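Two complexes, one shared chain (subunit A), two partners (subunit B, subunit C).
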Partner chain A sequence: MRRRWGAIAAVVALVATGAAVASAPDGPATIAPLYVDGDVGETISSRLLTVTVHGAQLADELVVKYRDDAGDTTTDGVWVVIDATITMEQGYIVLTNTELRIGDRLFRVSEVAPSPSILVPEESSGIPQRGPFVFEVPLSALDDPAAAHAQVLFNPSAETRLDSVAAITVDLSSLATNPTIRIDPPTIEDH
Partner chain B sequence: MTIGETDQTGPDAPAPAPRKRRLPGWAWTLIGLAAVVAIVAALGGFREVPIAKLPAIALGETHEGDEYRTTVDAVYLTSQLPNTGYAAEEGFEYLVVEATVENTTDRPIFTLTRQLIRALVSGVVEPYGDAAAPDVSDPRFGGPVGYLQPNLPLTVLYSWDVEIGQIKDGDEAIIGIFERHYDPSNPAFDDYSTTDAVARVITEVGAGR
Partner chain C sequence: MTELLTDETAPSKRRGWWRRSLVPLVVVAVTVPALTFVVIGLPIIDDINEKTVFTPVAQGDSVKAGGYSFTLTLSQEFPGEGTGTDGNQIAQGSSLVGVILEVRPLDDAPPASDDDPLYCDVQLTSRADGLSREWSQVSSPSDYGYGVGEERTTTCSLDRVPIDVELVFLTPEHAYDDATLDMTVGSEGFRFELVQ
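What follows is the complex of A and B.
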């Protein structure tokens, strides 16, 4: 009888070990960023950044009035403009590594908006600043079913391994495309 | 001499056996080399190796690469790049290769680390060397092209400073299209390897304008 229980315990231990090994993250997953998920209107904090996304818009062309050397801001695709407030929590960071994920595709934030830009904040840490994050994407990206739950990844640097990153979900599938959107320089947010 | 031994030094002694001649070392070396050559020849090592010709495409024709879809649209000289606000320095002008490139991967690609287009024109603009590194700009707003977004074709200008008169309209221009290719066996470049040109466009300066 005792021998039978021993055999059962051995089998259970073997199965449990197999399940643990099978469900353990693989190499890249063990060093992946730690995404802190949120939705539009929600304030999300990562290690270096607090972010609130107020909304998303689409446009064929950007209108930049604060600089007369902005050039031609049309696109063969579509501009995705994310209105967000950011607050740097520790020291200074630039946000040129921000990405938009639609399904399997990743898009890098465009530096089309001339300086001053929210991508290179002018204010110090602790001061909330609001401005547009602009992405240039092909029209086909909006036809992707994943556009309904696209994510803006506010990477605080190019190196995000095992760092926390605010990931805000936005629905791009139901937005109408505006002929133009006006882009303004970032502003300081009052609490 | 002890008892039982015969005297072999006398006049009736047998002549000494001729000493065997050994091959000198250099002969063995030659034989070894000949054997190696014979084995290489037997395995086909000296057969003429067909060298794959670099595919030549026409101006305006699209090259489908591993990561890029590339079309060279025009090659021309100009004194000012569109929207940059800067004219060429006195005594210089720009040689411009205008191309439409599309990143066919699902990740943004930083263009400055990819010398996608190089030009060889009249021996002036060489495909290698720091001095020949081109500027890559977006003609819409004149700024540098940072990242190529996935599946979004973009017209880009590759430009080199050249002295006025060094290159003339009608000069032959060889435009090389380069890109890295997937090579999982090469650990030196993560999961990619660098590559030589993958296609060439032979045209003339002033074409496509």
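What follows is the complex of A and C.
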């Protein structure tokens, strides 16, 4: 009798182990960032950052008037300009690791906008700061059906494994391309 | 009959199992705590050792470190009234916090060196509501309509020269009430109370 129960327990343990192994995430997924999804106009909080994306625009050229030494602001592709407000929740972070995901393609935020830039915000926790995040993408990227639900990933650092990351969905497929867009320095928001 | 035999032999069987399993049990008893210490305990101890311990400094008191004395002589909050024409260039809901730190060299101050200049590192910090926050000096106080005193500097450089350092921070409104000024000189840390 005791042997029979032992055999049943062993089989149950084996099946449970098999089910656990089969349903466990694979290697990369076990250490992937924890994306906190949101839409334009929605305020999303990750561990280190609170983000609101106000809108997206496309442009052939950027106009930077607040610095005379701004570099070449033309592009063979198109500029995607994301207007966003960010608030650092605890310590200080730079946002030079922000990415735009269109389908399987990732585009790193451009550092074309000179200092002061929202990518290197004022070192002030709890203060909302608004400014443009600029991405340079090829025209073909906008032809991808995935452009209708592109995502801006506000990575708080290059190392985002198992960290929460605000991921805001923007529709780039229905936007007209402006000849120029004026880029302004970041501002501290009344709140 | 069978039950009688089982009852009589059971204790000796149990003793036999413990005796046979003594070595593995000792190995488990030693290795599990040891592994737990290595995996969990050592990183915690390292973390504690790496963290600077900040010594509290009461309002108006001076501290000595690295051959200098440091005194927080004045601090004040300037609440934002808005960035429009009727405002004061500080956003509503935000405040500028100004802190003046008096730095005086002592007799044992090390000689100034261009190759390896000495600085004190300062941050405004708060632990209110269980949330640890820190603020670094704003890069350009004049952007917020704040004028640094002519006789003061914004950099805490230790050059064997008496200086008054004026530190300016941008914080959420009322963060001042629970904030402290954390200063690090070498491996020593001090936590100054602000003027309330």
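Heads up, the rule we're going with is that the second predicted complex is superposed on the first by the 169 of 191 C-alpha atoms of A that agree within 3 Å, B and C clash if a C-alpha of one lies under 4 Å from a C-alpha of the other, contacts with A are read in each partner's own complex, and residues count from 1 in each chain.
In the analysis below, a contact is a pair of C-beta atoms (placed from the backbone, for glycine too) under 8 Å apart; a residue touches a chain by one contact, two chains touch by 3 or more.
A quick note: this is a predicted structure, and the numbers were derived from the prediction, not measured.
Peer 1: Check the residue A:Glu111 against both partner chains and state whether it touches subunit B (first), subunit C (second), both, or neither.
Peer 2: A:Glu111: touches subunit B, not subunit C.
Peer 1: Contact-wise, after the overlay, does A:Asp72 reach subunit B, subunit C, both or neither (first, second, both, neither)?
Peer 2: first
Peer 1: Between subunit B (first) and subunit C (second), which, if any, makes contact with A:Ser124: first, second, both or neither?
Peer 2: second
Peer 1: Which of the two partners, first being subunit B and second being subunit C, lies in contact with A:Asp60: first, second, both, or neither?
Peer 2: In the superposition, A:Asp60 touches no partner, neither subunit B nor subunit C.
Peer 1: Looking at A:Val137 after the superposition, I want to know if it touches subunit B, subunit C, both of them or none. Which is it: first, second, both, neither?
Peer 2: First partner only, subunit B.
Peer 1: State whether A:Tyr92 touches subunit B only (first), subunit C only (second), both chains, or neither.
Peer 2: A:Tyr92 contacts subunit C only, not subunit B.
Peer 1: Tell me the contact category for A:Asp83 with respect to subunit B and subunit C: first, second, both or neither.
Peer 2: Neither partner.
Peer 1: Using the superposition on chain A described above, determine whether A:Glu189 touches subunit B (first), subunit C (second), both, or neither.
Peer 2: second
Peer 1: Any idea which subunit A residues touch subunit C in the complex?
Peer 2: For subunit A paired with subunit C, touching residues are 89-92, 116, 122-127, 187-191.
Peer 1: Touching residues of subunit A toward subunit B in the complex: what are they?
Peer 2: It comes out as residues 69-77, 99, 104-108, 111-112, 135-138, 140-141.
Peer 1: Going by the contact rule at the top, pick out the subunit B residues touching subunit A in the complex.
Peer 2: 83, 85, 106-108, 139-143, 146-147, 149-154
Peer 1: Could you list, by residue number, the parts of subunit C that touch subunit A in their complex?
Peer 2: So the residues of subunit C in touch with subunit A come to 80, 82-83, 90-94, 131-139, 169-172, 175.
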